[in-house]
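Sending over a structure as structure tokens; questions will come in a sec.
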């Protein structure tokens, strides 16, 4: 059972690691880091080199076992920053967590049942080591690979059929399979429903998964976080936004934190363009804008809403919420401190 | 003194004028239309042909004297729609308004004192005809021209110096001069301060101006709206957001409307990337994103926030708030109905 | 048998129809127009409203039977312009052609065998009326519909399976089916090969088809052009570029025209990002650029090459060459005048 | 006097340094590297992190004194690759060159006379060490800094006036000042003309300068290359394209190389959107496209043309040609090998 502390700091560029000063100011050293979870300022899509650059800079300063998850895209008011999860000093924190990795995901398993089951196993493993039950688990972060053009061509040459014929498309399939793996590990659906959901999106979803995909890794990295609500000074809660502008859900979270006398130190949320093409019955244009990817639109909008409600632009809003919350919505987790 | 009613309807494409059915359902005809104010789904920047397309379609069906203002850009959850202001039947409405046009703005006056004074005159004229004092005026919409590449080249050939050497830059200067014209008309600043503000942005601003620029017109079109708070069943209020995530200001507006027993039927707000490069002291990346214009980022973020707080994606959020509210913020007007 | 003349003129905006002056200067009237083929300056993708705007402006001035094909995208040095095909005066022209339309393509037929066969029939019909054999046919232009978000959602609700789950994807499938229809009409492949090619792209292709898709129509419009090489003063030739930088093929066309003493008056070419991810064995990045669609990249590059080789930026280069020429290449047609 | 050899290799990602294998295959080691000149696949504009990523990877493997110039942007058919200039073995090469750096450019000097004179000094210094006269100098590459949002804000706070109020604008001013520094060093203009050209673009230009700007450095890096035409087996030539589609100039270069029995191994060219808004009298839309920067358009078009004429997508085409060749055109240098 590992208790964690959370240190958050702004970054001035993807490879800015001055957040280590904030870490030291809290009495920690880089050796204490269990996970680095950052928002960098690229496009969050296929050719987002801000992710690779940030991952490279952080890999030089944290322990090899630390999981580094860089999520691209700080559209609108969102501000580039890094969240460091560290092994807590003393016994004050109520936040528990652990990290895990699947092995390399075979190109033909990407976006399919092979990836889904590998993620399920890793999540179960991390939960066990963190001493978290499904009910106590409030956040499961997964970073997963995608198919590059080279991968797709290699499959073609080998006579294999990849899950998608283009890189951007593969990102969605990889996120979907990972999220279903989380749902399985948390008992949110049956194996047969999960398998079916790989074919028919939007039927089954996890209420704690936050998945992003990128070209900078070959395996899936997993971070689980949780707490028992009434214990410790650092705690977590989660809920699910049912669409991109679900203000009441956010207000309920804020109210619950307030009732415990706490203040929010970080928010983790997912955003996506509602696949129905509408929000509250009104047509949106995120899916028909050929100049700007829908994931970028969604991060900008949900980021604006959450930055406003929490009064903080340094929050983690990640795009592409396949099987993470209901279609058009997404899970939202808050980590908060009580006096 | 003209009392106005407001009819709002979604659009399925820039040239969709089926909103006329909603108009007729309310007992009005196209001949009653005083102004058409629409959000169309282009990029809201220089090459936004959705604006021209929409303006062309509406010009075929409303009276020649009606002002047509199409603002491009429905990023994020914002939904394309049209707001029609019509001469009200009976005496129930408390909403008063009028429209006016400057003559053609000379290319060398664009973004300068000539445009500013022309807008001031038109706003005063419209207010007088609407019977509105400065205090009763809650919204001044201006649509103004820009400099095309041809205009800039023509200036160069003629040995004249245009206010900007590129089209996108000219849009900002045109909005700035128009907003200062509004500020002058409403007594929000002195003529000398306004003239100085043309050179030094951000020092003086209007709290009711909402300006957008486009290639589809050569003059400036003006729409003024206002009401006395306690009279009539259709009313307006306004306030100023001090940054892009100023939730308390919006909640105050909502509370005031609620206290009158009203419900909001339309929101008009301006959005811009804070020119300081930060929001609440945190770095934003809207001004350094070479793939996506800052006005689009700002509309997406503020649109997400306001659509959430008002529970409606069909709201008018317009980008580029030079001298419209403080730097990084912008005016916000609500039109609401009481039973 | 209809002999055609060709008048080309630049445009200053998508709805600029001053090209009619050039038409009149050649002694023609709008009533003589058989087809309008324009390049407009939108993104050429889903939300390209420059196409709708141009189509609307031209529909007001040409006969209802005239086919209007607007292809979006003038990236790089390409210049917006319009080509008008008119019934020729006298007997000097050797250029023959005709137009045809399929009926409305059912949403479930789009990108499938139904659309393919409808296009085949229309092309055969137009060739017959133009008096052109397959060998004399040098250019077959098709404009075809796409699936909007609404179409895709309507299919979903109706329990039908559209060919693509996103609008941009549907554009490619629609172009592919149309091009195979042309290949069938010209005897370039067997019906069974064409049907198979709908499933496996790149195996069969037409050497004269030029297809673009757009939201502004529900049926497929067809224009065929051809000539016997040694007759008349206006003639056509075609060839096939085997990749995006196939200079020798272009030089051969130029040489052939030169040997007849002619000069080129218009070029029609297709461009696409090579689906293998490489050009001449070198990696390109068109398919991994999430900020800019590959069709735009391809038009810019091929447009730069052809504008240079022909010394003219007012040429018709259209993106998305599914089954139009070999993968990564595309058909190229020149219309030229001999003294 | 330093004789150089040139090794060129494709890259699979910005941080791919496997080109060192090609270097070793030619009998060289990383210690021999004098300069690394790469095209990486970012947007080539402000937020191009592919440049930082590539620079970081190369800095780890080449000597500290080596100059690393990464130019972002491989639009269209252009292919990411790296060119390594190394101290030549033996006496076969006729290619001479040297590198130099200015000190850190003060933020208030950027884009102004201070930067211009610093570059002039560095170029003269490099030419002297390479033993090159102005006439023998065929290529002067400069990589120079830009103003970040932070820099601009810092100037504002300090009461200083930076050359531009936005980052993208500062890139152009920095390139312009650097190019004029090259022109001065090569005697292409007088100091007073150069100073005047800082204010009035397009009046004076260098025929050998190739300048790009980026956020990854604070000083200006200079690389000069040249040769005497008839000596050695590796040689250089240069010319100037007068517009973006100047085919005859390229053909003349090819012919001259052919007459010496040589074959081209690398091409260095500059591209820009003609500031007049036209190419060959025809309107282009590069400067009015708010979705895609003009430098990206220009690279795609000129890259397509040159890749076609040289039959090679791995060429160095760099965007933004302020004072580098005439407006709308740019210098072009070929390095070629004779048997």
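Letters are used for the chains, namely A, B, C and D, taken in the order the chains are written, and counting of residues starts over at 1 for each.
In this text, a contact is a pair of C-beta atoms (placed from the backbone, for glycine too) under 8 Å apart; a residue touches a chain by one contact, two chains touch by 3 or more.
Quick caveat, the model's predicted, so the values are computed rather than measured.
A.B. asks: Using each chain's Cα centroid, which is most distant from the centroid of chain A?
C.D. replies: Relative to chain A, the chain whose C-alpha centre sits farthest away is C.
A.B. asks: Looking at chain pairs A-C and B-C, which one is connected by more C-beta pairs in contact?
C.D. replies: By the number of C-beta pairs in contact, the winner is A-C.
A.B. asks: Indicate the whole-number Å distance between the mean C-alpha point of chain A and the mean C-alpha point of chain B.
C.D. replies: Their C-alpha centroids are separated by 38 Å.
A.B. asks: Centre to centre, by mean C-alpha position, how many angstrom separate chain A and chain C?
C.D. replies: Each chain's C-alpha centroid was found; their separation is 44 Å.
A.B. asks: With chain centres defined as C-alpha means, what is the inter-centre distance between chain B and chain C in Å?
C.D. replies: 40
A.B. asks: For chain D, write out the residues touching at least two other chains, lowest number first.
C.D. replies: 12, 41, 43, 47, 150, 283, 285, 288-289, 291-292
A.B. asks: Of all residues in chain A, which touch chain D in the complex?
C.D. replies: Against chain D, the touching part of chain A is residues 12-15, 41-42, 47, 49-50, 52-53, 56, 150, 215, 291-292.
A.B. asks: Applying the document's contact rule, which stretches of chain B touch chain A when the two form their complex?
C.D. replies: 10, 12, 41, 43, 74-81, 244-247, 279-280, 282-286, 288-289, 291-292, 296-298, 300-305, 307-309, 311-314
A.B. asks: Over in the complex, which chain B residues touch chain D? Could you list them?
C.D. replies: 43, 45-48, 148-150, 152-153, 166-168, 276-277, 283, 285, 287-291, 293
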